[in-house]
Amino acid sequence: MANPMPARAAEQSGTATSDAIVEVRDICKRYGDIEALRGINLEFERGKLTTLLGPSGCGKTTLLKIIAGLVPATSGQIRINGKVVTGPGPERAFVFQDFALMPWATVLRNVSFGLELKGVPQAERHRIAKHYISEVGLSGFEEKYPHELSGGMRQRVGIARAFSVNADVLLLDEPFSAVDEQNRRKFQEDLLQLVEKERKTFLFVTHSIEEAVYVSDRIVLLSPRPGRVSQIIEPNIDRSAAPDVIRRDKGYLDVVEEIWQGLRQYAE
Amino acid sequence: MANPMPARAAEQSGTATSDAIVEVRDICKRYGDIEALRGINLEFERGKLTTLLGPSGCGKTTLLKIIAGLVPATSGQIRINGKVVTGPGPERAFVFQDFALMPWATVLRNVSFGLELKGVPQAERHRIAKHYISEVGLSGFEEKYPHELSGGMRQRVGIARAFSVNADVLLLDEPFSAVDEQNRRKFQEDLLQLVEKERKTFLFVTHSIEEAVYVSDRIVLLSPRPGRVSQIIEPNIDRSAAPDVIRRDKGYLDVVEEIWQGLRQYAE
Amino acid sequence: DPMRVAFGDIATVESLHLLAALERAKEKGVDVQVTFLKSEDIAAQAVVSGQADIGIGGPYALLQKVKAPIRIFLQLSKLQFYPVVNTEFYKEWKDLNGQEIAVHSRGSGTEAIMQLMADKNGIAYSNISYVPGAEVRTGALLQGNVKATIVDSSGKRILEKEAPGKFAFLPLGEVAATDEALFANTDYLSKNTKDVEILVEAILTTWREVAADPKATIALREKYKLLPDATPEMVADIDPYFAEAAATLPLNGGGEDAAKDDFDFYTVSGALEGKAADLKVEDFWDLTALNAVLAKIGTK
Amino acid sequence: MHMAATPHKVSATGGAGSGSSTIVETLAEFARRRKSFWVVLSLAILFTAWEIAGRVPISFAFPTFLETFAALIEMTLDGTLLPAYAITFQPLLIGVAVSAVLGIGLGIAMGLSDKAEWLLAPVFIVLQAAPMAALVPLVTFVYGIGLVAKTLAVIMLALPVIVLNSYKAVRHVNPSLVDMCRSFQGTRLQQIFKIIIPDATPVLFAGLRLGIAAGFIGVMLAELLITPTGIGDLITYHRSIANYAHMYAAVASIIAVSTITLAVLQYVEVRFLRPEKRRK
Amino acid sequence: MKLFGFKVPMMTSLLFWALVWEVVGRMDVIFLIPPMSAIVSAGFELVATNSWQNASLVTLRSFVVGMALAIGVGVPLGIAMGRFKIVDNIFGLWVNMFVSAPLSALVPVLMILFGLGETTVVVTVFLFAVWIIVLDARAGVMQVPPSLIEMGRCYGASSITIFSKIILLSALPEILAGIRIGLIRGVKGVVIGQILVSIIGYGELFELYSRSFDMERFWALTIILFAAAMLLSAAVELFEKRIEYYAGAR
């Protein structure tokens, strides 16, 4: 199957270099005999939220971890702010699907853990951590342990931790998949506010088309394994509108439908 | 908090007795000190798909299991076709959230298991099982074991098994929650076709508002614990339309929004 | 009924003559079944609990305490032990004052001997540790883990061979006490007189044969195919062992005299309570079978 | 190895009004609420059966429960039991301590390094599956009969268990926690000390507990096979002088002591190391 | 581990250790460690002797009978404990206690109850193996997914059908795992029984060889025994692997 890269996407990757904070160049990845990713070329613009969307097993997590420097690519380069990186760095922070909270540590220690590793003094890192804990709406839970929180609250701890190290790029792998539908909707709205407020670059992986369209500035569709970029879509939705207005916006619905038609063939 | 039963719901439960296949009368349920359900009164019409929707822990699963006869009610009655039942019966079949497939049995044996328990001869039950296996789109997978199937395929096996015993009422507890988003969409469309074709009564539990509105003839909203009927909504959507048309139908979107506004307060 | 014999040891070269005697008893129609057990205690326990008919060991302490009526009916061997010290540390008994020694087990003959000698020499040990198995103590001596202990004749030979001059054997006064004896429940003895007599006779005749000619054991081993898988080293050990042991074999089965000696020895050692003079032979020994056999084959 | 957790579940009971209840009902209620009821009941059944069997008697060498209990009291009061435990615990504690330090160290090394795993894991797998009892007497040849030999016997039994459990603990550390640490540029040392070891701690501790159980077996083997000291001496000595009640009392007490020790450790484990388990 | 790009199977390190042993043995450091080659050749001689064959027969017999009892009693008891609260309450204490109690201390007592010789060894094997089998069978039954049982009830299965067609099969992986660990413990039990009480079978040989400082044979016997324990558990493990998907699929 040839790599169908529509015109819109081609334009995109040609022009965005000016303000691309993350550049993905010819990334290929094999796990033994399994070819997970083939020739990925992408740019991610500063201050935007980009979503990776694609059928299960197409390599979304792999790509995100390669960008995070957690998984080495088989070939190709990742550049952050123009510099080639080969491992994790302070400009990037990862939010894990399973939260990756330390069960033996309080919320406060979990959130300040990134700073602890950097050697920030305790008073200072607690101050910063508390700020972000309140930012994600968990004030008062500082001394609780992860097992005392609900799934949604745990994920917020994970997000606060990523914020606390003040990275430019946040990488989120299906952050809401362990949260139930109704709370998820709430989260999406909260996330948009955070994006607005923190002005960071977000890379987001999800399975949900509505979620992708609702939160993203740009959506990268990946084809099934071996994952390649099959389409890049910019929803261009007016985010200043109220959530319910957005969800019945014609543009929004069109994009959802377009993506669904594209992915439908890959569903079982 | 008083039980807010809006006019529409009151009317409903007054009139539907004519063709109600399942009647729920004053059902209350306590688990020790926990009051899970309080005074539930409902009728489910023959040949319709009714969805139970409500915040997590409000007793949806409990109610469905009481109807199935798997969990005894603390007080109240369940009538099927007008007769009071106290245990499982051949008119009802349950589809489990975690599929409940026997890992040591092939797809064929799993699907025909209900018939096997009824003592149907092997040739006969295999014939029936194969019919439903093909109906859910799994032809060719008869000799596979559950661990060789994807989550979505496993759930189809569970549905085929429920169909194969030819029960009138199918009880589905979050059947798609273990299936990924995109396959879920596909499933919803397939389910509508099955409902159309099999003309059975479906009772459906879900967390997803869109899913509920998309597939249901009627939606029962439950309030948080102790679960009571808070609202009954009939989306009245034209199911003959194409899926994408339905999903951008104003009526559909209005109902989704209405339910979301109702449930939003219960999200964290 | 089979005669169940509990042997608190494994079959080695040193028990060849006993094994041969048991074979002879079998030939005479006694269905002897031997079980080899971890220790003498277990053998005694087996007799007490009725799971074995005849036990092998020196159970004086047990006889005095146990509720079951157990009696000794034949002496098999006398204590043949050699107190030994590592000459790097000690030379004579006096050097052991305030030192640590190792013996077989609590209340055993070895402890009795060491205790007796301590009393005689007016010394006291700082600590007595219990190391079951003469060969283990021998090994421990060679390894330097034990500096003063008491070993058996094969241990003595090993020590003399492996490290000549390194160890000194301390002088021992007259010690005449039972090391191993046969014992059984009185009930069993009275109900199975014939079998017991056959066994006693077989043992005494074998003992006398070996005493007359220590090399007879080699012939006996071949005749009865005993210890078929013994290694060459073990076989080589037979002759020297019996050459030395033959002289000390009790040829008349102990009896009253042995009992008296034992009372003296074991009261001193502490295994028996009370005064030696107060102890009655019939509380410990059943002489019926022995006397009957001796009447038949005469004393030596 | 398995050890079923037995949390003290007090199940709430609702519904049934507790107005006028008969003794039977009260008892049934108590049985439902309190695990200790069953403990007492099953102990009572065993002791009664023991007493009856002892009185029949099934053997002269089989004392009754009451005799045994009296012997236990006697040994406790006349001061033989405590010193015996003091002696038995010496090799046990030293052996377990050495095994813990060495075992957790080796286990962590094997968990962290493929080379160490390749080199050592098979050895310990074999040692754990092997009937070490056969080797205990050999120790005597090299290390004699003293504390060293017994400690070594304890180590021989406890070390493989602790090593293998520590190794598994490290291998089963949540990989996304390790990824998390890496993504914040944690150094390898930070990774080991801030993530891997804390995350493995509950399993390490469980391994330690199993190691202690094995250590008890080891010390008993040592005291029965090498030289009788401590409790092993009480068992062999009382057997040799036919004080069977005392011998049984010694056997029962060591089993009870080990069971209680392990139960306390398990309580500690659940109470302090597994907050998520405790809550349920 | 990988060496020069090749995957080296883990168990190969045992060969490396055998080599180290050989070298140490050749250096004649201590009489306890004769060269591996001498041990192996002693092993071949040993296997040909009558006493080894008899000992193996005796040992195997005690082991097989003891294990058969342990499985025959342990599995049903474990299942009963998993199914019935009252059985669980009554036996739970003892099972949890004995699974990690120093049973070696109990062995001297066993003889009084079970006589000399093989019976006691059989009982020792049984006691060493049975508790873990009970615990695992119990765990297996308790973690049968409730939805599977509800599914059976839904389709009108009787309790007996649910038990035989669902619970038993579903608990199979845990039951097998219990049996595997039980086998290993049983081997330990047979040796401890033979060494501590009745000196028969391998116990007798061990005692004999260690007394006569016949280290070649001693180690040969040890290696045979260790290998037997490993092979047994590997065999069950192989069988377990075949149904490993159980766990993943439910």
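Which chain is which? They are A, B, C, D and E, in the order written, and residues in each are numbered from 1.
As a convention for this text, a residue touches a chain if its C-beta (ideal position, glycine included) is under 8 Å from a C-beta of that chain, and two chains touch if they have at least 3 such contacts.
None of these values were measured; they are calculated from a predicted model.
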item	value
Any chain in contact with subunit A as well as subunit C	D
Result of counting contacting C-beta pairs for D-E and A-D, higher pair	D-E
Distance between chain centroids, defined by C-alpha means - subunit C, subunit D (Å)	40
Centroid spacing, where centroids are CA-atom means, of subunit B and subunit D in whole angstrom	50
Rounded Å distance, subunit B centre to subunit C centre (Cα mean)	85
Distance from subunit E to subunit A - Cα centre to Cα centre, in angstrom	50
Subunit C residues counted as touching two or more neighbouring chains	42, 45, 49, 51, 139
Where subunit D touches two or more other chains at once, by residue number	59, 61-62, 137, 141-142, 239, 244
Subunit E, residues touching no fewer than two other chains	108, 112, 195-196, 207, 213
Residue ranges of subunit D touching subunit C (in the complex, touch as defined)	59-62, 137, 140-146, 227-229, 233, 236-237, 239-244
Residue ranges of subunit B in contact with subunit E within the complex	65, 68-70, 87-90, 92-94, 96-104, 113-114, 117-118, 145-147, 165
Subunit B contact footprint on subunit E (complex, rising order)	145, 147-148, 150-157, 161, 165-166, 169-170, 172, 243, 245-246, 248-250
For the subunit C and subunit D complex, residues of the former touching the latter	39-42, 44-45, 48-51, 61-62, 65-68, 102, 105-107, 129-132, 136, 139-140, 143, 145-146
Residues of subunit E defined as touching subunit C within the complex	49-52, 108, 111-112, 115-117, 195-200, 204, 207-208, 211-214, 217
